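Report on the structure given below.
Each chain gets a letter, A, B, C, D, E and F, in the order it is written, and its residues are counted from 1.
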Amino acid sequence: MTTKIGVFPGSFDPFTKGHEAVVLKSLDLFDQVIIAIGVNQQKKYLFNLDKRISHIESIFHGDMGVSIQEFNTLTVDFCKKKNANHIIRGLRNSQDFEYEKSIAHMNFDLEGIETVFFLTDKNHSAISSSIVREIYKNNGSIDQFVTKPQLLV
Amino acid sequence: MTTKIGVFPGSFDPFTKGHEAVVLKSLDLFDQVIIAIGVNQQKKYLFNLDKRISHIESIFHGDMGVSIQEFNTLTVDFCKKKNANHIIRGLRNSQDFEYEKSIAHMNFDLEGIETVFFLTDKNHSAISSSIVREIYKNNGSIDQFVTKPQLLV
Amino acid sequence: MTTKIGVFPGSFDPFTKGHEAVVLKSLDLFDQVIIAIGVNQQKKYLFNLDKRISHIESIFHGDMGVSIQEFNTLTVDFCKKKNANHIIRGLRNSQDFEYEKSIAHMNFDLEGIETVFFLTDKNHSAISSSIVREIYKNNGSIDQFVTKPQLLV
Amino acid sequence: MTTKIGVFPGSFDPFTKGHEAVVLKSLDLFDQVIIAIGVNQQKKYLFNLDKRISHIESIFHGDMGVSIQEFNTLTVDFCKKKNANHIIRGLRNSQDFEYEKSIAHMNFDLEGIETVFFLTDKNHSAISSSIVREIYKNNGSIDQFVTKPQLLV
Amino acid sequence: MTTKIGVFPGSFDPFTKGHEAVVLKSLDLFDQVIIAIGVNQQKKYLFNLDKRISHIESIFHGDMGVSIQEFNTLTVDFCKKKNANHIIRGLRNSQDFEYEKSIAHMNFDLEGIETVFFLTDKNHSAISSSIVREIYKNNGSIDQFVTKPQLLV
Amino acid sequence: MTTKIGVFPGSFDPFTKGHEAVVLKSLDLFDQVIIAIGVNQQKKYLFNLDKRISHIESIFHGDMGVSIQEFNTLTVDFCKKKNANHIIRGLRNSQDFEYEKSIAHMNFDLEGIETVFFLTDKNHSAISSSIVREIYKNNGSIDQFVTKPQLLV
C-alpha cells in the first residue's frame, strides 16, 4: 500500500492550537503530514521563519509522522515534489469555507490535487493567527491560543 | 496498522453523481467506506429502500472497499458498531457547511467521532437529491445527475 | 430584433411588494415579463389560485409588458414553451443566494436557460411570503408588505 | 427609571443549555426576562407544553428576574401587551443570522420592537432543539445539551 | 443597582449614520455608552483623530449618556479600565457576523467581556466607513450616509 | 426604443474567463456593454493598463456590442456620463454576494443606478483575478483561466 502524504500549508504566523488540532486529526488518516510554511518575500511576518519552525518542531517533537518544511512555490507544485496527493485544511466558519473552496477547486484544476477538510474544535473556532498577532502586539496573553508560547518570544 | 473505516451516511433518495464523487475521493484515504442508508419510519421516500440499495450496489459493483448498509439508529451509534472513527460528508456551499458543522460538533460531543469533509466537484455542486426528485416527479431527465438512472425506475 | 421574454416563477402566496419591485426592474430589460405561478397539487396554499391571480392582475393592470400565467411543469419546460431564454429572480440575502444558485445551475444544465438576478430594495429585504402568511394568520396587518391587500381577503 | 423588559420567544422543544445561557446573559441588561413559549395549534411538539414549562421553571427556580409565559399571537403583539420594547435572540451561526435578521426587521416594521442579539457560547454553538429531539428520539443521551433532562421524561 | 456601561469600539473613519443608530439603540439598555476610537499607529486614516472626535461630539452634543474616548490597547483592556462589562457592535450582514463572532469569542476568552449585537436599520445596511471614504475621495456626496458631514471637511 | 447600455466595471487585472462569460451573458439583454476599467492611482496592478485593454480588445474583437473604456471616477458618475442605467456584476459565491449587495445599494442610493447580476458558470466559479495573479507570479500556467494569455506577457 502506498504511503499517504498530506500537505498542510500556511504561513503559521504563529502556529495556533487550532492548527495543532488539525494536524493531530490528519494523522489519523495520513501516514505523513508535512506542515508546509509558505515563504513570500513580499509579505511581512511578525515572527521570523526560524522561530516559527523551531516553535512547531518543539510542539510535535518526536512524532515521526510530522515534518516541517518551507516552500516558495505554488502549493500544488510543492505537493507534486513531495508526492503528496492531498492538501489538508481546517475550517472554522462559512467565510473560511468560501475562500477555501475557491482555492481548492483551483488546486484541483491545476494539478489534480484534492483537499481534505477538518473542522476546528469548538474551543478553537475563534482563533486565527491574525487575531493572535493583534493580542501579542498589544501585550495581551496568548497562552490560551498557542502551545508553548514562550518559544515565540 | 488498523483498518480505516469511514461511514458516509444519508438517505440517498436517490444517490447522485455528487454522492458518487465523494465516495470515490474517500477511497483514497479509507480502507473501507460504508454507504449508510438512514431509515426513518416517519419520512416518506420517493424511491423505496430496495431500489436505492440495488442502484448504489450496481454503481460500485466489484469495488471491494465499498459496502452498502442500512441503519435506524443515531449515526454515531452505527459508527461505533462498525468500528468506524470517521464520518464522511460532502460540502457544496456555505449553507451545507453551517448545517454540517452543527451536526459534526454534536457527533463529536456524543461519541468522539470525527467528520472528514470533501468538496463536491464543480460540475456536481448544483446537484442535490431533492432537486433531482423534483425533476424526476416532473418527468424531466435526470441522466446528467445520476449514474445508471434506469435502475431507479 | 427578437422579443426578450423573461419568466418570473414562484408560488406568490401572496405576491409581495418585494416581488412587485423585481417585476418593475425586469421591465427595464425585458419586453415581456411572465409572472408564472407554479401549481403543485401536493402543496397547500393560504390564498387560492384565483385570488392570487386576480390580486397580481390588479397590481399590473394595464401594463402591456406583464402577463400572469400558471404552470405545473418544470420551470425550464415552461420557459421553452413560452420562448423565454431567461428566468428572473430576486435576491434578498446570502441564504437566498445559495439556494437560487443551485437551482439556476440546474436550470442551465437541463435546458440552457439563464437566470438574471435583481436585488430586492432595502425596504423590502425583510419581506417573504412565508412571513407575510404568518402575520396574516395571526391577524396582523400586512399593508406595509403587500400592495392592495384587501384583494386577498 | 423604567423597568427594562425583554421577551425571549421560542418553542423551546426542549429548552437547551444554549437557551439557558442566552437568558443568563440577558439578565445583565434587562430587569425582567420573559421566556415566551409560542403555542401554535398546527405544530406538533415532542414535549408537551406543561412539561416544557415546568422544566424551564425548575431551571430558573428562585430567579426573580425570569418568568415563563405562553402566547399564541404575533410576538410583537405579545411584547406590546407586556410593555416590553425588546426581543432577545441568540445567534449560533450565519444561517441563524440571516433568518433572524428578516424576522427582526419585520418586527421593527410592525410595531417598532427592537431585537438584541447575544452569541451562544462556543460550547453551545452546535446545540439546537431539533438536534436534541433527534438524539432523544433515537435513545441517545441529551445530558450534555439540556440541564435537568430527567424533568422532560 | 450598578451602572451599566457599554463600549462601542471602532476607528469611525468616519462615524456614519449606521454607527449613530447603533449608539441610539444602545442607550435604551445602557446607562453609559462609550464611543471608543481605537488608535493604531500603523494604520492610515482619512480623517484625523481630532476631526473624528469633534464630529462625533457634535452629533451627540448634550446627551449625557454618551462619551467619546480614544484608546490604544486591546479593546478588552480598555473595557476593564472603564468598568464596562459589555462591548456593543452593529451587524449589517452575514459577513460582518462571522468576523464579529470570532472577535467576540476571543474577547470573552481573554477577559470575560460579553458582546451585545444590534442590527443596523434597513436603510443603513449598505453603509460602511470604507465605502463612505471611497465616495468622499471621488468627490461624491456623503450627505445621505453621515450626519453633519460638513464637520469632516 | 431606447438603447440599453450596461456598464461592467472592474480592474480586470487580468480579465478572466469568468469575466468573459459575464459579458457574453449580458449581451443577451443589453444593446451595448461597456467594460469599464477603473483606474486608481493608489493601487498597484500586475498588468499595466495598456496590456489589459489590448488583451480584452482582442477577446471581443469585432463584437459591435462591446466597448472597453477606462474611468477614474465613482462608477455611478461614469454610468451617468455614458447614459447607462445598469451596472452588470457576476456572482460566484455568497461572500461575493454580501459585498456586491452593499455596493449595489449604495450605487442605487447615490444615483438610482440598478445592478443586474449573473452567475458565473460552474466551471469558472473558482476563478478570481487575485488567484490568477498568484499563479502567474509563481510561474504556474494560467491558460485554463484566461483566454489568449499570451497577450498578457
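Throughout what follows, a residue touches a chain if its C-beta (ideal position, glycine included) is under 8 Å from a C-beta of that chain, and two chains touch if they have at least 3 such contacts.
These numbers were taken from a predicted model, which means no experiment stands behind them.
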Intersection of the contact lists for subunit B and subunit F
A, C
Please identify which chain has its centre, taken as the mean of its CA atoms, farthest from the centre of subunit B.
E
Same residues or different residues where subunit C meets subunit D? The copies count as same if more than half of the interface numbers are shared.
different
Taking mean CA positions as centres, which chain lies farthest from subunit F?
D
Between subunit A and subunit C, what's the gap in Å when you average each chain's C-alpha atoms?
46
Distance between the centres, which are taken as Cα means, of subunit D and subunit B, whole angstrom
34
Could you grab the centroid distance between subunit D and subunit E? Build each centroid from C-alpha atoms only and quote it in angstrom.
29
Contacts with two or more other chains, residues of subunit E listed in rising order
93-95, 98, 101, 104-105, 122, 125-126
Checked against the stated definition, the touching pairs are A-B, A-D, A-E, A-F, B-C, B-D, B-F, C-D, C-E, C-F, D-E, E-F
Report the residues of subunit D in contact with subunit E in the complex, numbered from low to high.
4, 25, 28-30, 85-86, 91, 94, 97-98, 101, 104-105, 108, 114-119, 121-122
Complex contacts: residues of subunit F adjacent to subunit E
73-74, 76-77, 94-95, 98-99, 101-106, 109-110
Sort out for me which residues of subunit D touch subunit A in the complex.
93-94, 122-123, 125-126
Per the touch rule above, subunit E residues touching subunit F in the complex are 92-95, 125-128, 131, 134-135, 138-141, 144-145
